[in-house]
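So that we are looking at the same thing, I have put the structure below in structure tokens.
Chains here go by letter, A, B, C, D, E and F, matching the order in which they are written, and residues are numbered from 1 within each.
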Amino acid sequence: MQFEIERIIRTALEEDIGLGDMTTEVTVAPDSVVRAELVAKEDFILAGIGVAAKVFTVLDADVKFEKIFDDGKSVRKGEVIAWLKGPAAVLLSGERVALNLLQRMSGIATLTARYVEAVKGTAATIVDTRKTVPGLRALDKFAVRQGGGRNHRIGLFDGVLIKENHSAAAGSITAAIAGAKKKLPHTLKIEVETRSLEEVEEALEAGADIIMLDNMTLYDMRKGVDLIAGRALVEASGGVNLERVREIAETGVDIISVGELTHSVKAADISMLFVS
Amino acid sequence: MQFEIERIIRTALEEDIGLGDMTTEVTVAPDSVVRAELVAKEDFILAGIGVAAKVFTVLDADVKFEKIFDDGKSVRKGEVIAWLKGPAAVLLSGERVALNLLQRMSGIATLTARYVEAVKGTAATIVDTRKTVPGLRALDKFAVRQGGGRNHRIGLFDGVLIKENHSAAAGSITAAIAGAKKKLPHTLKIEVETRSLEEVEEALEAGADIIMLDNMTLYDMRKGVDLIAGRALVEASGGVNLERVREIAETGVDIISVGELTHSVKAADISMLFVS
Amino acid sequence: MQFEIERIIRTALEEDIGLGDMTTEVTVAPDSVVRAELVAKEDFILAGIGVAAKVFTVLDADVKFEKIFDDGKSVRKGEVIAWLKGPAAVLLSGERVALNLLQRMSGIATLTARYVEAVKGTAATIVDTRKTVPGLRALDKFAVRQGGGRNHRIGLFDGVLIKENHSAAAGSITAAIAGAKKKLPHTLKIEVETRSLEEVEEALEAGADIIMLDNMTLYDMRKGVDLIAGRALVEASGGVNLERVREIAETGVDIISVGELTHSVKAADISMLFVS
Amino acid sequence: MQFEIERIIRTALEEDIGLGDMTTEVTVAPDSVVRAELVAKEDFILAGIGVAAKVFTVLDADVKFEKIFDDGKSVRKGEVIAWLKGPAAVLLSGERVALNLLQRMSGIATLTARYVEAVKGTAATIVDTRKTVPGLRALDKFAVRQGGGRNHRIGLFDGVLIKENHSAAAGSITAAIAGAKKKLPHTLKIEVETRSLEEVEEALEAGADIIMLDNMTLYDMRKGVDLIAGRALVEASGGVNLERVREIAETGVDIISVGELTHSVKAADISMLFVS
Amino acid sequence: MQFEIERIIRTALEEDIGLGDMTTEVTVAPDSVVRAELVAKEDFILAGIGVAAKVFTVLDADVKFEKIFDDGKSVRKGEVIAWLKGPAAVLLSGERVALNLLQRMSGIATLTARYVEAVKGTAATIVDTRKTVPGLRALDKFAVRQGGGRNHRIGLFDGVLIKENHSAAAGSITAAIAGAKKKLPHTLKIEVETRSLEEVEEALEAGADIIMLDNMTLYDMRKGVDLIAGRALVEASGGVNLERVREIAETGVDIISVGELTHSVKAADISMLFVS
Amino acid sequence: MQFEIERIIRTALEEDIGLGDMTTEVTVAPDSVVRAELVAKEDFILAGIGVAAKVFTVLDADVKFEKIFDDGKSVRKGEVIAWLKGPAAVLLSGERVALNLLQRMSGIATLTARYVEAVKGTAATIVDTRKTVPGLRALDKFAVRQGGGRNHRIGLFDGVLIKENHSAAAGSITAAIAGAKKKLPHTLKIEVETRSLEEVEEALEAGADIIMLDNMTLYDMRKGVDLIAGRALVEASGGVNLERVREIAETGVDIISVGELTHSVKAADISMLFVS
């Protein structure tokens, strides 16, 4: 993942700094070295501390960055997350990009942790979706893991998910599964989206490895779980929110996928303070 | 901006599709042509319809995409935003990226419009910040404009904003402004962050073009506006939210910058439906 | 895969043509249009005809390329595979790159077809490995499919294969599988490399989805197949060649992975002839 | 060549590792450091040892890689080629790419050496062609040099080779040579492909610096060499194989170009073993 | 600016060295270390010494480069500008690129300094234009600053300059300024090109921040300055040369923009000498 | 060369336009179509008209660009070089980049033509050097050809030029030539820099294909030409200017290389005028 993180950071720095941080260039002496702290302005689960560190070291390999909390840890308002030391010009120029990444990632981890907490004690696992911010999927999915969630497939290339339109195009769920079984790498499980118990049954008989219950009622989900009876993984999807997630988990599904984790993120509030 | 949009779209498609949309490849006939619609699942202000179109035409130049609403328009739940026609495989492979972009951009425009509405009738203008998602700043800022807001500087390279740390590094606000006036392109206005009325006075005397009142009380903002008396633009910043923004606007400031517009976005709910 | 193919073709053309095809520039009139044929100089299975076409259309969108055989078809010595028409300069400058790609890909398909033929009538499927030429994996794996083989995982990112060193690092096969089950996307099957029947048993109990029998004797393979008894897919690997592959298939394994398919390729002999 | 090697290695690592080596991530502790050896599993001429080393140091600058043999040296089955030490995760993730490159390059060097050996004692030099794997030409040609061969031109941009079609387009061999002499950099020799002794004579009179005898009989080659009599370099090309190469060399030609060196490579058998 | 400088240097080195410095590879021992000096062959103002240093360190991080003069300093014919020490092969391969950059940048600084000298004692500031060499704008503009000039806007994205055609398209200067005031970031000054005193008046009333007097007579410039009377910055442009620049400055304009600074540069004469 | 030209144009447009042409965006209606002309403001030799056209078509494929003069033609002050038609916004945004390229290239062609004219009637050919603007070498060298000159090698990778330091490193001119003859592609001529007639003699005996007389007096050049007597090409280099070039040519040298052609270019004066 290191090349992808480097790409993201370089793109972000080029986007923000372009041909130069004009203000800093005319106000800050090049040799002025300072110390700064990243401080939590509210409670959250930390994610991205290594990415934030890398923003500064990409700008200047000699910046010192010492994290106090690891990714995945719970941070309280007022706590210092990390301290850093380096040229004032570098710290000022990198500040915004580092915070933009760290705040988004921590926001994702924090929301994920709330979902994970909500299903605690059930057998259900919270997973993400492909509803990530374009260009940041690697970081979005990393942040989900720090919040205690697991990842669904990364993209269209590393997983099979036969949706309604695919089944329709193939003729039937059965035909779609048969095609996938015959042509795709044997290393991938085959997941099928179903919208009714009849479809669940068809998918099961056709040999699906994972059956997604899409936008079903709690009643149907329970029925689906019973029907499948461990012969395939069961994933609930659609209309999941913090209020409903516990009920969904209690139907006995194995996996609950939640788009909100990455498509509607509230940035965690974090500041960088210069200290003397 | 066209090269930047192309870069964003290509990055997003490579991220999602990689070496191929496995499911589609084994279920959909290459020559199957279908028609689909983008449909609003809630009310929002549209932004990014041209970007969504381009996602599909980058994949296949022959896809037909006809928008029904323009960017900046208000869309009601249930309305069709655009229809498109092309190979089923292309529509399926591009769907997620197009929606991810369109939903985020429309989310930004919608939130911006609420802020703009909130200050209606005052002289204040709502502007964004640099708290955008890394790699998407061009689109984030475009979406703000569709919601009726204006843009602050794009990055560190095209605007001068002397913050507390810059003034401290330069010795004083006065010294920082003097340096900027002497060395930077004459085409840029000089903005200074102030934290007290004393600093406002100093900035004004030193010839600042824009004075930012940072995290001030409403009382101090009003005092600041009086003090400046039209000799510089006045920008309010820090702790702005939908509850407070009207009060802030009524202090008489010219500009209110709002980080939330782009750092904590709720995606607008939009679906792509295949139609027969 | 279209972006990846474009990347490969552009890299190849830049590598070969650089700042210009000197010889062609000084000998061929820019407006001279010619017709040429791609001709088989030996028997082989065709793969890459679309890639070859794209080499020319990347150079000049107006070149006409008409394939006579599709990928996956058997071509006899002397047969014309495709004909093309366009500026002589473009055909001459693109010839080598097009042939280099087409000859390698057809070589892979041809070798794959011989393996597939060798195991005909058994239940075994021939798959490739990651022993591909760096930078060309997408095309190498595409060519294997044209020869009737299937693909193993594309890379390290889209499949799990616990090798000896991974198990050792995790403490045991059991521990390695448990870790993978807990942390990785639920969409991936878990494959484990085993070197003895004891390891097969351990992998099976730990819940492996695919068990690789690595460098085992035919006797042990048969034992392994019996032991597994359909509870996991069985993959034979190591020391596979055309002489041995039938015997291996007859042990009852499901999958046979063959490095030679892509690491030791004999280019199919193909020429481009200008016709009047 | 360092930028090109870096490009090849990065492309290869991104292709194989993508967003992460899943198996290694969940089985290997990040701080586990190991020692490994690259071992020859057959006899061959080594090429690419520096490239293999760089694969690992690109992933992690702190990996230690100590080569025991230099490029161009003969290695015997069972001998250790190099040892390396670093994080187990890095060694496992880089192993396949390093071997894919090293095995191909050593395969090329080994085949080249056999051709060089076959013409030993004659005046002929073995050279490569442009029939290399797209994207790897720099390494393919480097490997030929390690096997004792020399390189023909790198691409179309750094050498002039007037083929039949160029002469036809220019009107005649004479006209083609005249054009090249007048317009191209004076630093390049002009090579002409000939198919008969008449063409040899024409090329010679027109002032060709190098005359290629294309697919001629041994008898005609000898005649050609006599005719040219040292007034131009003589290159034999077409249908060269290990059985025929000595006879060709004995006709007195200066240069023999061999496509097989790079278009039909058998990978040298090399393994990476972890040692305790 | 560091990423942009790296991009420029890498592009230049790839352009010049490509797959290798053939001459150096066959004549210079890899381990031969030498010392060299950059020597002025005429008088000039130095610019680009850090860029020249970076050319060598990009090739080999261990090259030692010690500058004797800083950018912006006056160098006399015969003086040593910098000395460097490193592998002979690296110094020879990097020499031309380093000199090409250093000579151009110093040429720009030297010409700029002559313009600055010519207006000494007046209030006028010499600035550059967008007439730079494509791809090198960052360096061209940096060099202008070393010669004592200031920069105009970097490009079309970071400044507003309403030219004749823009006003015509908008309907009038007044309409164009109104549009810019309403829609563009409040951080940018608005500059308008005027061709007559009537247009100056219109621009002034419409609230232009900077008024460009384009190709006006000295008489009209003086009139324009009087008319504007400090209410906007005044920029003279068009037909500026070293003979006329003093007269223009004496009209009282604030800014004089000079295309020649970057579009017609005479390279400063600098050599690299190997010393024993 | 098409990929390189595209790279140059894209880099230039991104550099100039970045995230958008602000002025044009707020003043020009997107659907306003206009007609414009490129007009010569002085006499010059045209070069780069196709490149200028491409700048506009890269921005918008529908712009119509009709050249009136071809590259290499002499254009008089006041003549229209080309006319173009397209969206006003596109023409305004592309104008500067197109002119920057066209003016530089035409400046190079014009200066080259003066050198070529100066040596008319002698046997000498004018060639360029590697003293080009970093990143634009392909265009610089193309422009030299339009002015009637020829190109020296493109870079370090496609030609051999043994300079003083190379000979010193190899031990002697003789040793350097021997190394080059043995190791480099047989397709390249070997050029050697000489500083005295003794060195000329040594180079000749060692078999140099081209002998450069570096910074020699006219007397020594004549001696050198006599000594070489057609057995190698003779190139004069160093201190060449328009005043001296005829005398140099009359010494009988074959080639005169001129750094000034590309390192000290005066841009040709060209304007773009909108016509109604």
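Everything that follows uses one rule, which is that contacts are C-beta pairs under 8 Å (C-beta built on N, C-alpha and C of every residue); 3 or more make two chains touch, one makes a residue touch a chain.
Please read these numbers as outputs of a predicted model, since none were measured by experiment.
Participant: Treat each pair of touching chains as one step and give the shortest count from subunit C to subunit F.
Facilitator: Steps on the shortest route: 1.
Participant: Tell me, please, which chain's centre (mean of its C-alpha atoms) is farthest from the centre of subunit C?
Facilitator: With centres defined by C-alpha atoms, farthest from subunit C sits E.
Participant: Regarding the subunit A and subunit C pair, does the interface count as same (over half of residue numbers shared) or different (under half shared)?
Facilitator: Shared-number fraction above one half, so same.
Participant: How much rotation, in degrees rounded to the nearest 5, is required to superimpose subunit D onto subunit F on the basis of Cα coordinates?
Facilitator: 180
Participant: Determine the centre-to-centre distance between subunit E and subunit F, using the mean Cα coordinates as centres, and give it in whole Å.
Facilitator: Subunit E and subunit F have C-alpha centres separated by 22 Å.
Participant: Averaging over Cα atoms per chain, report the distance between subunit B and subunit C in Å.
Facilitator: 45
Participant: Listing for subunit B: what residues touch at least two other chains?
Facilitator: Answer for subunit B, listing residues that touch two or more other chains: 17-20, 138, 154, 157-161, 183-184, 188.
Participant: Could you list each pair of chains that touch, in label order?
Facilitator: Result of the pairwise touch check is A-B, A-C, A-D, A-E, B-C, B-E, B-F, C-D, C-F, D-E, D-F, E-F.
Participant: Once bound in the complex, which stretches of subunit E touch subunit B?
Facilitator: Per the stated touch rule, the residues are 125, 127, 145, 150-154, 157-161, 183-189, 191, 209-210, 233, 235, 254-255.
Participant: Write out the stretch or stretches of subunit F touching subunit C in their complex.
Facilitator: 1-4, 138, 154
Participant: Where on subunit D does subunit A make contact in their complex?
Facilitator: Going by the criterion above, the answer is residues 10, 13-14, 17, 19-20, 59.
Participant: Can you name the residues of subunit B that touch subunit A in the complex?
Facilitator: 8-9, 11-12, 15-29, 32, 88, 92-93, 96-97, 99-101, 103-104, 107, 130-138, 155-163, 165-170, 176, 179-180, 182-184, 188, 263-267, 274
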